[in-house]
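Letters are used for the chains, namely A, B, C, D and E, taken in the order the chains are written, and counting of residues starts over at 1 for each.
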């Protein structure tokens, strides 16, 4: 496998960012990490994951869709779409990499979301295999192997070097573009690292979390469960879980009157919000119980029902860490499992 | 879809000279919703108004924008014009392009640009205007006067004269107030009782006036035109309807050592008493703190001698509830007690008296039958010192920061009366300033000095020391001769400050009216609305609003009556429709709005609501009484959820104006 | 007018002399009145005018017993005794002028002098 | 600071109906000039001005916002401007805390008789805002004029 | 403490004083307790937890809970009692329906602080003489207790319970905290520095509304930012202005009502120091209009619904500090 020694990683970043935008996870002062556009000298974060997921690159929180201009009493529609420039996201974890597959099922299915597609086509996802999973990780429950991530290119580290493995043509092209900086490497040490990580994965507190009792066929059983009342009781109805979630894909479309024209934009929405699904007649989901149930039913039942059994969760653990009241999908799954 | 008409006025050349009115009309014609945009020489003229009216009719307009002078000039004119052709008057907006544009700018280009922007803001606002209808609220044709002094009596008589029923609530057993205690009045020196008591009788006999003596207001609900007031009639243990006022009980009552309030405690009365001979109602009252029967169940003399059978030891407080359209506050004043001023020896020297005490000492119905004698040894005083500004104009917690206004004049009166009746008496008046603004006031004061030879000394008394020989050493400064004086006096009279009655503050709370830091009621406007409180339907009469002499009090009493009559004449009150209203679905009942409402227009109700989850819930929500709300909008900002909004100046309307201006 | 001196007296006394309404109650109440060339109300008035030099040169400074009767009775809270004290301090601090020297106090004592005055004097001049 | 002579700020003035709006009228009646940049919005009382309106103005392109009300103690509604004074003092202090230039905001008391004061106040305010230049710290880029 | 609370809760359930208990429920890990209502002694025995990580302020839940049938037992830390009182004052909580037991407050631990030290795979945290022994998948780590205490506890304003029906443990005092230090530090910066500081912070905002939804002062039926009729509704900050707008208006709406409980900063997933905005208002109110602590009582007038004729003029903002 081609590799680069760890001390040369930044020169690789310099080379990549000279040709296209490069985003890497960077530590913030407060200890957490976020993706930033690479500038020379930036250190890649050693954190397991960023607070916000990598979905932002393809599905940003707000996005201008179109403009309307009023000319006297006439309205002109202006398409604001521009061809997206090529960019690379480096250091995406296996969970976030899987989330793109899930988002693709939503946005690239007919009718194709051209805004999403535009970004997806121009983005190269370089993933990074995990070596130090956290107690909140449960990606294995969704058949994700964090030691061998998906993405266009997978990168592995044995501590000394970074190894590059292409997962598809786009990945191969990326490796080709940097081939002159890479050298052949011995992957023996790497295998050892991978097997160590797999052992740790089995020791994780959530290692035994099972999805067996979920899926499309469990609809009525779970929908009518009496446990929702108790589970949703503590939910404060904020959108933290949805906004840090790599797979949540709901959005709202709004018109903003700037005073000299209308900007139509979309922005993330959260099924936890009281005005989600509010329509002219009112709102079919009026209580936090219904909204709370919706979020988890969607991830664990409705989504697999429509997508060949694939769940709408990748086990990244962000919602476990960030929920203000520590109510999360794991607690929901465990509660619903109990008979 | 809105159909808005824009009308740009030239105002002769007032506007047209600096604003290109044609350009304004042209520019505004392109605004959304505008279907007609015209300019005219004088829009406020009859033909100009006709232009607007015809345009409304012909184009079926839903909103009108007039670009003209200040809305303070002609808003009403154009609203009336719109209303005359069936357009709700509140769908008219004015863009002020004269006072706030053409008159202040010289450059035609920038003035025109600004006029267009102001016009656009008005168009943006009128898009969001809603038809408003002035609500009506019925007026109960009855007035309540709180306080039965000269102010209350005068107000009640004037209102009754106009044919409306009036109730007087007086906390003492008789009406009459402070004036009844006064001997003579300045500057005419006529007898106070001679001019007051006929008015008291007139009030008692007037078919429109009901007097609730020995009563207090305990609760006020409601709002202008429709107050509900609870009055407590305190038990007087005498049936008012039976008592003939013969006074036999007061003669026979064995308990004769009760300090007589009417004579300022300078003599005694009986436990069952009639405050004074001309009391109205002339009904006896039993003082439960002294009556032997009520205290220990042994006596019953009054009951035995009363041929009318009016004595009722079992009587209890009674509460009566009555509706009123208007309330007049006439709670009056009291002189302060100067006992905190050790240097004046008031609390331990009986010959140091207050001016009101002197009134009683000199009064024919007073403790000495009208002969001025020293309280201590009943001898005739030969040297009397008057001390001015006792407790007035003070910067400390003992006194009052204000001038009590009446002391200079009544002291001149006292000095003059004493000099006239007892020419052998030397009278000294120590003053800081002599304040005599008033008709014939300064002349009166000068007469005291020039004709009656009263010694006016500029300076203050520093110490009053009673001496062993019964004389009083008065140590004072004479600032003009720059020396310290010692006067060997027989009596010292303190012109004490006056303060609002103690009942005023709790009453103000009940009435939701405002008070200043001295507990005087605050008038709605110090110049233009001096007899109205800021709370609609509550009027102020007499010294409860500030220190006043009798003529001023009577003048204000009649003014308050006129205002009350003006209200009572109406069958209903047209309310300002630009008032606040609360969206009950949004209100969370936190009470922030209520706390900032200067009018007490906001109340809370527990209301049942159908909740989104199809259950019903009882929620506490605010509601605004449109008859009371004056439309300031303080509540709209206090409300964090935006449940409160203001008609005519709604959040969305103001934001639309902001947007249009910043565009 | 010596503005600095006036400001200094305003600051050291902490008194706002403009609050005085010229009622003269301070002088009316003053036990040392007859001893004084300038009386309490004059102190206040003259300080307000900035006419301080005559006060500094007057024996009246030392006649004030600091009994605080004027402070107690002033209806406006002007505190004349503090003004006098501040003027006195001004004089005391002008070394070599006419202020009293502590050593000379014992010889000035006589039986008629109130006890309070002695105590006050010691307090004032032993600084 | 450099003053851009060509910069014409957008100034929103909220004036209470009873004092300041009348004061503004009076400055017109007396032909006292002040810059055309100032556009007045009439409100019943200064206490009607919601902080949201002020932010909204900045969002939409205002460079300065001034509120004018009756002098404390003279409020037509007796207490409205006292509430205004507290609210707006705190709001302005908060804007200052967030690093928004303090001279972009002002609260002044102008009575119905103070036509001259109104004009002076506006002249001074416009001058101050001109020194600051365009509002960049509290604008909404989407609303910027193209 | 936990045992004493459980014992008392069961007693009060048993004697019928209350029919529910609000407290905290044990989570998946050592640190992730969730506020919860318990209906039976068995539930309490099984899941009730109170330890160094139970930080959440449960008073806001009582807005709804106090309107249900029967009385609920609430365990309130000192800071929570201020929120509770303020909500009672605003008629949001029906006081009679809540039985309040005052319990000792922090300092509580913040797991995010531990994680920020690079410690991951946390399986257990033990407090041994104020040194945290943190058992992880990658070995045991040690950390001084005070390096991991929650931001809201570090600036604790009061250990006093301003309302309670009974106390477990002792009542404390109002503290002399340094909670305004950071506000002051910012005030002493230049306007440009302050602007840069806040841009840096507020640009992180993802408008998840956690700060608002957890805030005990934010109990509007419908927030202006959720209400299309308000004209300022927005779901996401599409522009830096909207970030400013949301946080300025939110802080303004709770000004004079915010008890400084610190929940907003605790729950912010992006660690924005939102409490500084509220503290700025509190500091201004204290210095301009007299000391005021929201929630300290249920009768006083909030400084924004009150005034004095001699209040300072707004020009004070222009005159003080650094431009």
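The definition used in the following text is that a contact is a pair of C-beta atoms (placed from the backbone, for glycine too) under 8 Å apart; a residue touches a chain by one contact, two chains touch by 3 or more.
Quantities reported herein were computed from a predicted structural model and do not represent experimental measurements.
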TODO: Treat touching chains as neighbours and tell me the shortest step distance from chain A to chain E.
DONE: 1
TODO: Look at the interfaces A-B and D-E and say which one is made up of more C-beta pairs in contact.
DONE: D-E
- [ ] Please indicate which chain is farthest from chain C, where distance is taken between mean Cα coordinates of the chains.
- [x] A
Task: For chain B paired with chain D, centre-to-centre distance based on mean C-alpha positions, whole Å - done: 35
TODO: Would you kindly tell me how far, in whole Å, the mean C-alpha position of chain D lies from that of chain A?
DONE: 46
Open item on the list: Taking the mean of the CA coordinates per chain, how far is chain A from chain C in Å?
Closed with: 84
Open item on the list: Residues touching two or more other chains, restricted to chain B: which are they?
Closed with: 596, 638, 651, 655, 659, 662-663
Task: Where chain C touches two or more other chains at once, by residue number - done: none
TODO: Indicate the residues of chain A shared as contacts by at least two other chains.
DONE: 256, 259-260
Task: Those chain pairs that satisfy the touch definition - done: A-B, A-D, A-E, B-C, B-D, B-E, D-E
Open item on the list: Residue numbers of chain D touching chain A in their complex, please.
Closed with: 60-61, 140, 142-143, 145-146
- [ ] Would you mind writing out the residues of chain D in touch with chain E in their complex?
- [x] 51-52, 55-56, 58-59, 72-73, 79, 82-83, 85-103, 106-107, 137-142
Open item on the list: Touching residues of chain E toward chain B in the complex: what are they?
Closed with: 67, 90-92, 219-224, 227, 229-231, 253-254, 301-302, 304-306
Task: Residues of chain B touching chain A in the complex - done: 30, 32, 611-614, 659, 662-663
Open item on the list: Looking at the complex, which residues from chain D come into contact with chain B?
Closed with: 10, 12, 17, 21-22, 24-29, 31-34, 36, 39-45, 47-53, 56-57, 60-62, 76-80, 83, 87, 119, 143
